[in-house]
Every structure is written in C-alpha cells, then in structure tokens.
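Each in structure tokens, the structures are laid out below.
Shared between the two complexes below is subunit A, which has subunit B as its partner in the first and subunit C in the second.
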Partner chain A sequence: MSDLKQQILQTLLNGNGESISGDLLGKKLGVSRVAVWKHVKTLMESGHTITSSAKGYAMVDPDDSLLPYGFPKGIQERIRYYPTLGSTMDQARELAQRSTIPHMGVVVAEEQTSGRGRLNRQWISSRGGLWFTIVLFPKIPPTLSYIYNFAASLSLSETLGQLFNLDVSVKWPNDILAGHSKLCGLLSEMETRSDMICFLIIGIGINVNNFPKADEPGAVSIREILGRKVSRRDILTRFCDTFGDTVKQIDAPDFNPSAVMHRYRKHTSTIGKMVRIETFNRTDTGRALDIDDSGALLIETPEGMTQKVIYGDCFYKSPDDPQ
Partner chain B sequence: MAEDVLSPLAGKIIAVNIEQGADVEEDEEILIIEAMKMETPIYAPCDGKVAEIKVKEGDEVEEDDLLAVIE
Partner chain C sequence: MSDLKQQILQTLLNGNGESISGDLLGKKLGVSRVAVWKHVKTLMESGHTITSSAKGYAMVDPDDSLLPYGFPKGIQERIRYYPTLGSTMDQARELAQRSTIPHMGVVVAEEQTSGRGRLNRQWISSRGGLWFTIVLFPKIPPTLSYIYNFAASLSLSETLGQLFNLDVSVKWPNDILAGHSKLCGLLSEMETRSDMICFLIIGIGINVNNFPKADEPGAVSIREILGRKVSRRDILTRFCDTFGDTVKQIDAPDFNPSAVMHRYRKHTSTIGKMVRIETFNRTDTGRALDIDDSGALLIETPEGMTQKVIYGDCFYKSPDDPQ
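Up next is the complex of A and B:
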C-alpha cells in the first residue's frame, strides 16, 4: 500500500470516528482534495470501512479497527492486516515460507472468502468476526508442537474470561465454548523438514460482532451473549500478550510441557464429561478421565478400558443421546 | 538410491496424494498427518519414483514409522 494511503488510514483512525474534511486531509498530507478523494475511493473499494459525507471522511468504529496503527507498540509491527483474504492460513503460510513475517506475526483479515476448517471443511467468516493466523518459528521438535495449540486455546479462554467476564471453557483439544455453543475454533498446520519444525501456523476464528447462527446453528458470538458490540482490537491485543507470555515460557531452555498442560486442565470442560469421538472411519464413546501432558485425551470405554485419543472430533453427549 | 519417508510425529493419515510407481518431485506434498487439530503435510525428500507406500488414509502412525520409500 502507498505511504499516502497508509497516512490517510492512520489519520482517520486517530480521528476517533469524527469526520475529517478532504481539504484538511489534503493540507495535512500535502496533496490536493481531489487526490485525497481518489485514494479514499480506492481504499473503500478494497474493503476499508470509511464513510464519506458532506462533512468529510470518517472511519467506521475506530475502536474495533484491526489496522496495525491502532495496536500498541510491540504488537503493531507484527500485524499483517488485509480487508479481505482468501484465507489467513494460506496467506500466513506464504509469508512464513518466504520468511517475510516474524515469530509471533499475526495475519488478520476482516473477511475470508474461502476460510476453511479442518479437513478442508468450509469455515464461514463474515465481517464482524475476528479471523487471524499466528505464525511461529519454533525451536522445539515436531513431537512437542502440540503444546503451542494448547497454549493458544488456554490463552484465548483466559482472554475472553478476563475481558468480558464470559463463562467460557475449552473443549478438547482446542474449541472454545460458551455454555454449549461454539465461540471460537482453532486449527493449525506445521511444516517440518527432517525432524525440525520450519514453521507452525495457528488459525483462530472468534465469533465477535457477527451473527453466526444462520450458517452454524451450534455457534454463538460475543455480541449475542453480551447484547453489545465489543472491540476486536482489544481481544487480539490481550490475546497477543497472554499467548506471547506463554510462548516465551515454551521457548525457554528449561521448558516443561506439564506447566502449560496444568494450566490447560483448569480451562477445559471436557474432563468428567461423557464424550463421543468421531474420526472418519470410527466412533468411540466413553467418559473423559483426563488429558495428559502429551495433550492426549484419556477416555474410559463402556467396557471399562482406558483409551488414549490423539485425533478426532470430540462431542459432549447429552443425557438423552442414544447410548 | 532410496530415501525413506518417516513420520515426524504420532497421528492419523488423513490424505495420501501419491500412488505406487508415480513420479514425484522434491517438496511435493505426498501425505498429510493429523493429530490434535494440527495438520502436518509430508513432502517428498527428493525427486524420484514412489517405490513403496506403507500407509493408507485412516491409518494410525507413530513417530518414526516408515510412511513411504522414494527412489
């Protein structure tokens, strides 16, 4: 993006939603009113939420804006913002492969046109939600990589609990639930070469100010729970801080996975529940006994055997489900 | 010369993109393993022909299991 467009966005963001006239913008930036209009028009066409009125130009909902300049120093340098993307995962993978994004870099988009969940399932990501991918360049072996996913989901649970006093929990391994409804989903991809992790990307989708029910009946947004809009920037900022602290612990030389898993177990609602585990060729049921330090879910089967689960979709069974 | 493709971690094979005898290029995605919502694509270590595929979709693998041989 041109410097001038960046300056326009930054000025409008600092305007706190107040209109700024084309004349004033032009004077500030040393260009004509017509030049300002042309640039604003291009910005609007590329998906930036700017309104234009007789009084001038204004940014819609500046507190909610995900533009890098709105984030505190230390985070804004790592934000790669796009009004629209095919998928933040695809973009993050490309940036990671070219090493043009730092450790803990964040790729964020207002909307994804081909967002995806696991196994290439479609993931609906309309405007108002928070859709982002975190890029990590870990120094640990691939077998330990799971710890970042658990760290991310527990950090999300802490973030939403602290910011909005929401009663949220983590469903094994990484979904965030509010009550029985899905508030956030997480998936990740790892690239390895001969026993080393090249990079790990973690995609996170949070239903914030959107209304997800029409597309996914079992989902809910923060706005629906609280009855008001909230700032996606506050959520992403707090999450980057909380997750960043945990990642620092993981990256330390004396790291022990049990520290993270101990914290994770405080945030999960899975232990003790009757669960159904579905993979594409089998379904297992049982009572969730524990989640061990390797991230595996231990279930007690109806035959009384303990079974270790490391993949599959986990569903909580309700009492009226068929056995 | 044959190159073994080993599993970097325990998980489930969710995609097999190669067939026995097929030509592959170095860095071509040949398999995908999933564990705990993390997908790990496995790439061909070199140019060559698929001499053996040891796994199919749905198989469970452990760390260091032999997945395929490229020669």
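Up next is the complex of A and C:
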C-alpha cells in the first residue's frame, strides 16, 4: 500500500470516528483535495470501512479497527492487516515461506472468502469476527509442536475470561466454548525440515461482533452473549500479550511441557465429561478422566478400561445418550 | 527419460553384466547401431554405470542396480531413480507437493551433491551408498508422526540384521550403529495442513559399498564390515517389505503406538547406557532407563532424578568420562 494511503488511514484512525474534511486531510498530507478523494475511494473499494459525508471522511468504529497503527508499540510492527483474504492461513504460510514476517507475526483479515477449519472443513468468516493467524519460528522438533496449540487455546480462554468476564472453557483439544456453544476455533499447520520446525502457523477464529448462528447453529458470538459490540483490537492485543508470555516460557532452556499443561487443565471443561471422540476411521466413547502432559485425553471406556486418545473431534454427551 | 533409453537400460540390466553388441541392441529395439550408441552415450554422461567395449555394452554390477526394472513387481512401480540428485529429500518434497509420487514411493539416487542430515548438517553421500527418501501420505495428525520414524529405524535394523547377520542396533532416536560405528542415519520432514499431515518424507542414508571413514571417522559401511560388496537393491527391497508391513499396522483403525515401540525397544542399544543428550540450547547427561511409547527417552540424572528427554542428539559415554 502507498505511503499516502497509509497516512490517510492513520489520520482517520486517530480521528476517533470524527469526520475530517478532504481539505484538511489534503493540507496535512501535502496533496490536493481531489487526490485525497481518489485515494479514499480506492481504500473504500478495497474493503476499508470509511464513511464519506458532507463533513468529510471518518473511520467507522475506530476502537474496533485492526489497522496496525491502532495497536500498542511492540505489537503494531507485527500486524499484517488485510481488508479481505482467501485465508489468513494461506497468506501466513506464504509470508513465512518467504521469511517476510517476524516470529509472533499476526496476519489478520476483516473477512476470509475461503477460510478453513480443522480437517479441511469450511470455516465461515464474515465481517465482525476476528480471523487471524499467528506465525512462529520455534526451535523445537515437530513432536513438541502440540504445546503451542495448547498454549494458544489456554491464552485465548484467559483473555476472553478476563476481558469480558465470560464463562468460557476449552473443549479438548483446542476449541473455546461459551457455555455449550462454540465461540472460537483453532487450527495449526507447519513445515518441518531436517527434523526441526521451519515454521508453525496457528489460525484462530473468534466470533466477536458477527452473528454466526445462521451458518453454524452450535456457534455463538461475544456480541450475542453480551448484547453489545466489543473491540476486536482489545482482544487481539491482550491475546498477543498473554500468548507471547507463554511462548517465552516454552522457548526457555529449562522448559517443561507440564507447566503449560497444568495451566491448560485449569481452563478445560472436558475432564469429567462423557465424550465421543471421532477420527476419520473410528469413534471412541467414555468418561474423560484427564489430559496428560503430552496433550492426550485419557478416557474410561464403557468396559471400564482406561484408553489414551491422541487426537480426534471431541463431542460432549449427556449421560443419557445412547452409547 | 525417453522410452528408448528406458528399454536400453532394461535390456542391459537383464543381460546380467554380459556385454550386448550395439547391433543386437539395435535390432531388439528397432533402431540403428549408431542411434543405440548415441543413447548409450547420453545415459553414461548422465551417470548410468554402463561399460562400452569391443564386445558391446554392459551394465556394471547389475545385481546392485537401483533401476526400477530390477525390483520385484509391487515395488518397481514406486521407485523414482536418479543417477545424481542435489538431495533425495528435496526431490521427494517436490514430487509429494505435486502429488506425482504414490504413498510409500521411493526417491533414490546413486549420489547426492548436497545431501543433508539432521539439524541441516551436511550428509556426505558418495557413490556406493544407498541414499533414498520414502514418501508417505498418512491420515494422522503431526503429533503422531514420530511413530513412522521409529517404525523406519526398527525396520532398517531388522533388515540389516536378517540379510547380513550384522550386529546392528538403533541408537535413540533413529541412528543405526554397527558396534559403535554409524551405519545409517535417518531424518524426516513433513508438511501439515488443517491439523493433519499432508505428507511425510523419511530420508535414509546407508553406508553400503562406500568408504565413509575419510569424511566421517565414526562411520562404517557394510562392505568394510563384511569385506565384500553387497546388493543395495536387496537391502531396499527387504526394507520396503518390512517397513511396508509396519506402516499397514500403523494405519489400521485399532493401532496402538505401544506395539511399534515394543518392537523398537528390542532393537535399541540405548537403554542402560550412560548418555549425553545435546539440543541447541542445553545438554543433559545420565543413565538411559527406558524409551516410552511416545518415543521419549527416560534418563536417571547424576542427582538420581528421572528426566524425560523428548529430542536431541544422543551420544554414548563410557562410565569413566567426566560428567
């Protein structure tokens, strides 16, 4: 994006939603009123939420904006913002492959036209939600990559609980529930080379100010729960801080997975539940007993045996459901 | 490669090392003697080991040849043979990305000009050794990928023990030793998408008929141990069978990692040894107690504590070495 367009966005963002006339904008930036209008028009066409009225131009909902300039120093340098993307995962992968995004960089989009969830399922990502991918360049082997996913989901649960006093929990392995409804999903992808991770990308979708029920009956948004819009920027800022602290712990020489998994267990609602775990070729049912330090779920089968489940889609059952 | 060149190679291979005249070859293939010579020359220039004498053309060491036609049906269709490659890993990755190699496909080269070992170290791969990468498209999450590496190293240990009655063992995690010298190395790479593995490639280097000591003092080849040349094709064939059977077990719905790890423990020489484990930012020492079903090494530290080591380079120590 041109410097001038960046300056226009930044000025409008600092305007806190107040209109700024084309004349004033032009004077600030040293260009004509007509040049300002041409650039604003291009910005609007590419998906930026700017209003144009007799009083001038204004940014819609500046507190909610995900433009880099709105984030605190230390985070804004790492934000890669796009009004619209096919998928933040694909964009993050490309940036990571070209090494043009730093460790803990964030690719965020207002909407995804072909967002994907776990197991290549479609993930509806309309405007109002918070859709982003965080990029890590960890110095660990692929075997340990799971710890970042658990760190991300527990950080997300902490963030949402603290910011909005929401009753959230993590459903094993990495979904966030509000009550029984799905508030966030998480998926991760990586490339490895010579037994080490080249990069790991963690995609997170949070239903914030959108209305997901029409597309996904079991989903809910923060706006639907609280009855008001909230700032996606506040969520992303707090998450970057919380997750960043946890990643620093993981990257320390004396790191032990049990520290993260101990924190994770405080956030999960899965332990004690009757669960059904589905993978592509089998289904297991039982009572969830514990989640061990490798991230595996231990269940007690109907036959009274303890079984270790390493992956799968987890569904909570009522004890009265048929086996 | 042109059909005609393939037919020439196949005919020479079937000749079992006997010379076949250019006239006869030309008649068999329906081309002139001069055309045969032109094609043979190109084949020789591209690295195929063909001799040309007054009696005609002959394949050098046909029993050792890695040309697809020499392998049994069921394997030959999966062999991708190259006289020389930068790295079988890079070639395998490209074929896997383009889906132009099947599950359990094998990329094999007579020599690698930039072969790599674990942690991006250089891996010398001169003629005479067996350098290949096997490609898998497993339907499992990245967390479980380790099981294929352990399956590969135990299959390799079984193969070499059975074929040549060699005293081989696996040094945790996946090196093969003959006595105290390194006979084979293994590394793996993968790409994941939507929490599942897209493809996994396992690179294996075996010192067979080469003389590795000049480049790597701690290494040894089968030829050096047995005092004779052996057939790389026999090794690769037996390995494909053994590893293939194990992969089928892993891919079964009721698979349990402990079955593979139980077999692995029978092949490792690490348990009971005094070891030093190095990672990029720390070193641990102690007595190796066991290897658990997640592939982690349990060691007893000098302080008498049990410690779980998930990855690292393992070195065997004499009990008298300084800590």
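Just so we're on the same page, the second predicted complex is superposed on the first by the 321 of 323 C-alpha atoms of A that agree within 3 Å, B and C clash if a C-alpha of one lies under 4 Å from a C-alpha of the other, contacts with A are read in each partner's own complex, and residues count from 1 in each chain.
Criterion: a residue touches a chain if its C-beta (ideal position, glycine included) is under 8 Å from a C-beta of that chain, and two chains touch if they have at least 3 such contacts.
Everything numeric in this text was worked out from a predicted model, so none of it was measured.
Asker: On subunit A, do subunit B and subunit C fit together or clash when superposed?
Answerer: They clash.
Asker: Tell me the contact category for A:139 with respect to subunit B and subunit C: first, second, both or neither.
Answerer: The answer is second: A:139 touches subunit C but not subunit B.
Asker: Of the partners subunit B and subunit C, which touch A:191 in the superposed model: first, second, both, neither?
Answerer: Both partners, subunit B and subunit C.
Asker: With both complexes overlaid on chain A, does A:298 touch subunit B (first), subunit C (second), both or neither?
Answerer: A:298 sits against neither subunit B nor subunit C.
Asker: Of the two partner chains, subunit B (first) and subunit C (second), which one does A:274 touch, if any: first, second, both, or neither?
Answerer: It touches nothing on subunit B or subunit C.
Asker: Is A:44 touching the first partner subunit B, the second partner subunit C, both, or neither of them?
Answerer: Neither subunit B nor subunit C is touched by A:44.
Asker: Once the structures are superposed on A, label A:104 by its partner contacts, choosing first (subunit B), second (subunit C), both or neither.
Answerer: neither
Asker: Touch check for A:13: first (subunit B), second (subunit C), both, or neither?
Answerer: After superposing on A, A:13 lies clear of both subunit B and subunit C.
Asker: Subunit C: which of 112-120, 130-138 or 220-228 bumps into subunit B?
Answerer: The segment of subunit C occupying space taken by subunit B is 130-138.
Asker: Where on subunit A do the contacts from subunit B and from subunit C line up?
Answerer: 118-119, 142-143, 145-146, 187-195, 280-281, 295, 310-311
Asker: In the complex of these two chains, what residues of subunit B are touching subunit A?
Answerer: By the definition above, subunit B touches subunit A via 8-12, 14, 34-41, 43, 45, 57-58, 63.
Asker: Mind listing the subunit A positions that touch subunit B in their complex?
Answerer: Spelled out, the residues of subunit A in touch with subunit B are 118-119, 142-143, 145-146, 149, 173-174, 186-195, 200, 279-281, 295, 310-312.
Asker: Given the complex with subunit A, which residues does subunit C contribute to the contact?
Answerer: Residue positions touching the partner: 116-121, 139-146, 187-196, 253-254, 257, 280-282, 294-295, 310-311.
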